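To start, the structure under review is shown below, and the notes come after it.
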C-alpha cells in the first residue's frame, strides 16, 4: 500500500501524440496529463503535428529512454507501427488511444466504436430524410480505423435502398484542398444533395458553412468527434445536425489507468471501447460543455451513451 | 515635335503574341472541354466557386509579385500568413471587433514582412535563407496562441464568415476584394512613380540607386506587401473554414509561385496582369477537373504540366531550335526545287 | 580571287570574302584580311563598324554567312569556340568572362586542368607550376594566387590574356578593347605583354577606340567602316596622324572633337569643398566647381576619383571635411538627397550604374527625376514620351526610337542616354565620370558638345582617366594622385603633358 | 611573382583569423547542442540514442547530399522531397503488387531518377529556370505518388532485404549510418579533389566563362540534378521501409529541413557556399533537435522557432563577417 504508492511515483511514462491540433488532440493531451498527475508517475510528451516520420523518430527517442510505459496516439497508425514494434521489442508496454495500430501487439487500446459511429450517423441521416434522398460523403480513408466509419455508413445504408450516395470526396492529410472546397465542388456537381455525411466534425462544420454560403437551406451535415466547436455549430444552427462525440479524455485516462495496472502485475484488456454520445441540438439544450468526456460528466449532463 | 514619339513600340514581339494567344487557346479549349463534360461547369454557381478559389491563392500571388519584381524570393509568406491569421483568430476569440482583429493580424504579419525586408533589403542577407528562417519562426510562433489548436471561439458571431460569404450585387465578396486589390496593385506598379521605382529596383538595383530611388525601402516595402496580402489570403481561408488554424497559410506557397511564374513565362515580364492571368488559368483548370470528379491529387500534375508547357513556349533555347529546324526544312525545300 | 591565294602562302591568318548579317543589318561585307606572324594589327572603326563581329567570328562565337578562313594556308571552319582555339586562335573579348571566385591560375587553366574528364584529378600544385612557367615565359609579374575578385582590372586582363596564351600552338591572339578599363600605368603593362607575345611570333589583332595607342603598340592598322575594310596601312609607312585616321573612320572631315573653352573669369561658385577625407580613398581634398565652366579632373583608376564622385553624390559618407552647395553646408546620406539638392552623377559604368538595360529610352531618361513626369504620384506617359523624344533629338540618339530597350543600342548611344538622363534631372552640379569609355570618336564629340552646353547653366565636373579628355574638355584642370590633389590650374595655363605627369607621379609643378 | 600556398577553399584565402573561427562556428554549435542535451537528459548521450539519431540523420543526409551540390552550383531543387515520396510509393506499390524487393527498389530508383533526368534536361540543356522547373516536377511527382495509392499511403507487409538493411546494425552502429558516412566521405573527395567539385562551385559564379573554355557545364548540371534525385529516391525507399508504408506526403518537414540543413551548412567550411561537410553538420543539428526536444518533452513548435533563429543568426554572421563592398 504505502510502498506501492512510492513505487508508482517513480514510474516514467512517455507520451507520443500524433497531433495536438484540434480538440481531439487537446482532450487526449489533457487526459494523459491529468491522469498521470492523479495516479502517479512522470510524463514526457512529444507531439508530431500529423507527421508520421517525425512521430516515428520521437518514438525511437523514447525507446532509448526506456520509459515504464509508452502512450501513443497515432498520426498514421500503419506508418508508426514499425517504431511501435521497436518499443515493444525493447520490452516497453505500449498503450494506444484513438486508433488501432495494425500488426503490432500493443498492450491495450482505448478507442471508440468507429464502425458504430458511422452506422449511427448514417441511420440518423436516413431517418431525417424519411428514408429517401440524395447524400454525399466526405471520408477519411487514409487511416484504417477512421475508414471504419465509412464502412459503418455503407452497412447501415443497405437498409435504406432509396438513399443514394451521389458523390464522395476523400480528404488527404496534407489538406492541399480544404474540406470546404471539397463540399463546394460536391454541391456544384450535384446541386440536389440533401445531406452530407462527414467522417469527422471538421468537414461537417466547413461543409455546413459551404452549404450556408450556397444558400441551400435545409441541407445538413453530420460529423464525428465532438467538442466545443462543433457543439457551438449545432447550437447555432449552422447546418451541422449531429456530432458523434467521442470520449478522448476518457481514452487517455484508461490508458494511464491500465498502464498502472500492468506495471502492478495485473492484466489490461486488449481493447476497450469508450463511450460515444450522439449530440444534437436537443441534447445540448443550449450548452457547450467542454468536459463531457470526463468520466461521469455525461451522466450529470443527462446525456445517453449512444454506443 | 519629334519624330521619335510616333514610332510604334516594337517590343511586343511575334513570339510573345503567339505565346499569349496559345495560352488563351488552351484556356478556351479547357473551358469547352469541361463544359462538355459537365454542363454545370459553366453555371454561375460554379463560376463563383472558381472566383472564390482564385481569391485566396490570388491574393498571395499578388503579394509575391512585388517580391519577384524586386528580384527577390520570399519563402516565408505561407507561415507568416499562418501567424497573422492565428493572431486575427486569437483576437476574435478574445472578443475584439472583427476590424480590429484583422488589423491586428495584418500588423503581426507586417512585423515579419519588415524583418524580412530589413534583413534582405538593408542588411543584404540572402533572401532564400532568411525567409526560410523567418518562416520557421513565424510558424513556431503561430502555435503560441493556442498550442496549435484551431481557434474558433466567436467565429460564428463575429461576422468574419461574411468576409467569405457576403455578396455584393450577387457577386461573392472574396473575388471583389481580390479584383479591387489587384487593380490597386496594378495602378501602383504601372501607373505611379512608386511602381517605376519597384521595377527599376528589380531590374538594375545599382542604377536605380544612382537615380535617386530608395531601393532599400522598396525591397522592404515589397516584403511587407507580400506578408500583408498573404495574411489577407489566410484570413479569407479562415473565414471560409470558420476557424483559424496554424496551417492555413501552408497551401498558399505553390499556387502563388506557380501563378506568378506562369504569368511571367507567358507575358515575358512579371506583373499584375500576368499574375492574375496565371491565377485565373490555374483556378479554372483545377476547378474543372474537380467538377469532373477527378481526384484532387491530379491537380498538382495539371498545374505542373501547364507550368512546364508555358515555360517551353517562352523558352529561347526551344525557340532557337524551332527556328533552326524550320530553316533546315526550308533549305531542303529550296534544294529540292 | 587569285591575289588572296598568293598572300595566303605566307600569312598566318587569311580571310577572304567574309560576310555576316543580322537580320537586316549587314555587319560584315566581303571582308578580305590577312596577318603575318608576329604582326600586331590594330582594328579601327566607329561603333558598329563591324570589328567585334569579325572578332567573334574568328573566336567561333558567331558563324560567318560566307567567305573562307585560312590559318597557315589551311582552310578551317571555326564552328565553335573550341574549334577556334584548336585552330590556334585565342581571343580576349571586350569584357572577358572569368570566374571571380577562382584564383588567377585556376582561371587560366579552366577547362584544361587535366585529363580524365570531369572526374579527373584537380592538381593545384601542378597548375601553379604551369602558371609560373607561363608567366615566366612572357616575363610578367602578377600574383596569380589570389581570387580574381580581389584583383585589379589590369591583373584580370592579364589573367584573361594568359588564359588565351596558355593554349598550345597559338598563332593569333585577339584583344578586343583591352584598355577600355585600364589606367595609364596599367596600359603600359599591357603593352609590355603585347610586345612579349609578338616577340614569340604570335600575331595580334588589337581593337581600340584610343587612336594614340595605335602608334604605341601596333605595326599596322585596318580601318573598318560600315562592315567593309576601308584601308590597311603600316604604321611606319602611312604617315597618317590621329586626325587623319579619325577622318577615315568617320568617312567625313572630322570636326574638332573638343568644344571651345569658356571664359573662366568671375563665375559663381556652386559647389565647394574643403578637407574632404574618406579613409582608404582620398584625403584632404578641396575643390570648387563654378557655374559656366568645366572642371576636368584627371586621375588613374584607383586614384580615389571614383570614390570622390560617389562621396559628392551621397553614396559614401566622408569622415571629415565640408561640402558647400550654393554657400550652404550640406551632407548627403544618399543619391536621393544629392539629386534633390541639385547634384547629379553621370556614372562611369553605364551598364551597372547608369541604365536599366531591359527598359526603353523613356523609362531610363526620366527615372532620375520622376517628379517631372508625374502628377500626384501618377505618371504622365505622354509627357514622358515627349520629353524623352526631345532628349533623343538633342543627343542625336541613333536609332531615334524611344520605345527601344537600351540593350538594343550600341555603347556610344547608351552613353548618350545616360547623358540625356542627366539633362532631364536638371541639376546645378553635374559630375561626369569617364563620360566616353568605349565611345567612338563621332559620338564622343557629340557628348562633349552636350557637356559644354550643360556647363553654361550648371557647374560641371568631368573625372577621367584619360588625360587628353580631361585637358581637352576642361576650363580648369586638376590632377589626382593616390587620393590627393596633385595639380590645380586653369587649362590655358598648363599643358596636357603636365596634367598627365601630375596624375601619374603626384609631382605638382 | 609571388605564390602563396593555397588554402583549402579559395574564397577563404584572404580572410583574417576571426573568419577562420567563424568558419567552424556551426560545428561548435553542434557540439554545444550535443553537450547541452546530454546534460539536460541522461538518456540523450547513451549509445543507443546516438545510434538512433544517427539513423534518422542518415536518411535525411542521403536526401540532401545532391541538393547541396545543386544549390552550390547556383541552381535550385525543390523537388527532392517529392522525389523521395514518389520512390517510396513506387517501392511500396511494387511490393504490394508482388514484385521482389530488388525489383521494387530498381523500379523505384528509376522513377526517382526519371524526375532528376527531366530536371537535368530542362535546366541543364534547355536553360529553363531551375526553381520553376523543380516546382513543376515536384508537383508532377507529388501527383504520381498520390495517384499510385489513390491519395492514400500504401502499406508494406514485408520489405525484405531493404527493410533488413534499413534496420541492420554492426557493432552497435546502424549499417545505413555507416553507408551514408561513406557516401559523404566519397562526396567530400569528389567535391574537393576532383574537377567535378571544382567546376560545380565555379558554375555558381560565371557559367558563361566556363562554357567558353569548353567546360561541359550542361552535363554537369544534368548530372547534379540526377544525383540529387537518386539520393532522394534512395532515401525515400529506405524511409518507406522504415515506416512500413509508402507515404504520398512524407511530411513537409523534410522540405524546410533540407533547405535549412544545406543553407546552415553553407555558413561553415566554404563560408557562404553550400558544401557536403556543412550539410552533414546541419543534418546532425536538426536530428539532435528532434530527438533532444522529444526527450525533454518540449513542444514541436519550439524546434521550429529555434531552428529559424539559428539559421538567421548563422546567415547574419556569415554575411556580416564576409569581406564586402559598400552595399546599396
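Which chain is which? They are A, B, C and D, in the order written, and residues in each are numbered from 1.
Assume a residue touches a chain if its C-beta (ideal position, glycine included) is under 8 Å from a C-beta of that chain, and two chains touch if they have at least 3 such contacts.
Chain by chain, the UniProt names read as follows: B, D = ABC transporter permease; C = Sugar ABC transporter ATP-binding protein.
Just so it is clear, the structure is predicted and the values come from calculations on it, not from any experiment.
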Identity of the chain that, by mean CA position, is farthest from chain D (ABC transporter permease): C
Between A-B and B-D, the pair with more C-beta contacts: B-D
Centroid distance [mean C-alpha coordinates] between chain D (ABC transporter permease) and chain B (ABC transporter permease), Å: 29
For chain A paired with chain B (ABC transporter permease), centre-to-centre distance based on mean C-alpha positions, whole Å: 36
Intercentroid distance (Cα basis), chain C paired with chain B (ABC transporter permease), Å: 43
Computed distance of Cα centres, chain C from chain A, in Å: 74
Chain D (ABC transporter permease): positions in contact with at least two other chains: 146, 150-151, 248, 252, 299
Where chain A touches two or more other chains at once, by residue number: 20, 47, 49, 170, 172
Multi-partner residues of chain B (ABC transporter permease) (each touching 2 or more other chains): 147-148, 206, 209, 250, 295-297, 299-300
Chain contact topology (line, ring, star, complete or other): other
Interchain contacts, given as pairs of chains that touch: A-B, A-D, B-C, B-D, C-D
Touching residues (chain side chain D (ABC transporter permease), partner chain C) in the complex: 1-4, 6, 10-11, 13-14, 190, 193-199, 201-202, 204-206, 208-216, 219-220, 326
Complex contacts: residues of chain D (ABC transporter permease) adjacent to chain A: 41, 43, 46, 48-49, 52-53, 55-56, 146, 150-153, 155, 239, 242-245, 247-254, 287, 290-291, 293-297, 299-300
Residue numbers on chain A that touch chain D (ABC transporter permease), as the complex places them: 20, 43-49, 51-54, 56-58, 60-66, 76, 78-82, 102-103, 141-142, 170, 172-174
Contact set on chain B (ABC transporter permease) toward chain A in their complex: 38, 40, 43, 45-46, 49, 52-53, 147-150, 152, 156-157, 161, 164-165, 172, 237, 240-243, 245-247, 250-251, 287, 290-291, 293, 295-297, 299-300
Contact footprint of chain B (ABC transporter permease) on chain A as seen in their complex: 20-23, 25-26, 47, 49, 167, 170, 172, 175-182, 184-185, 187-189, 191, 205-206, 209-210, 212-214, 229, 232-233, 236, 238
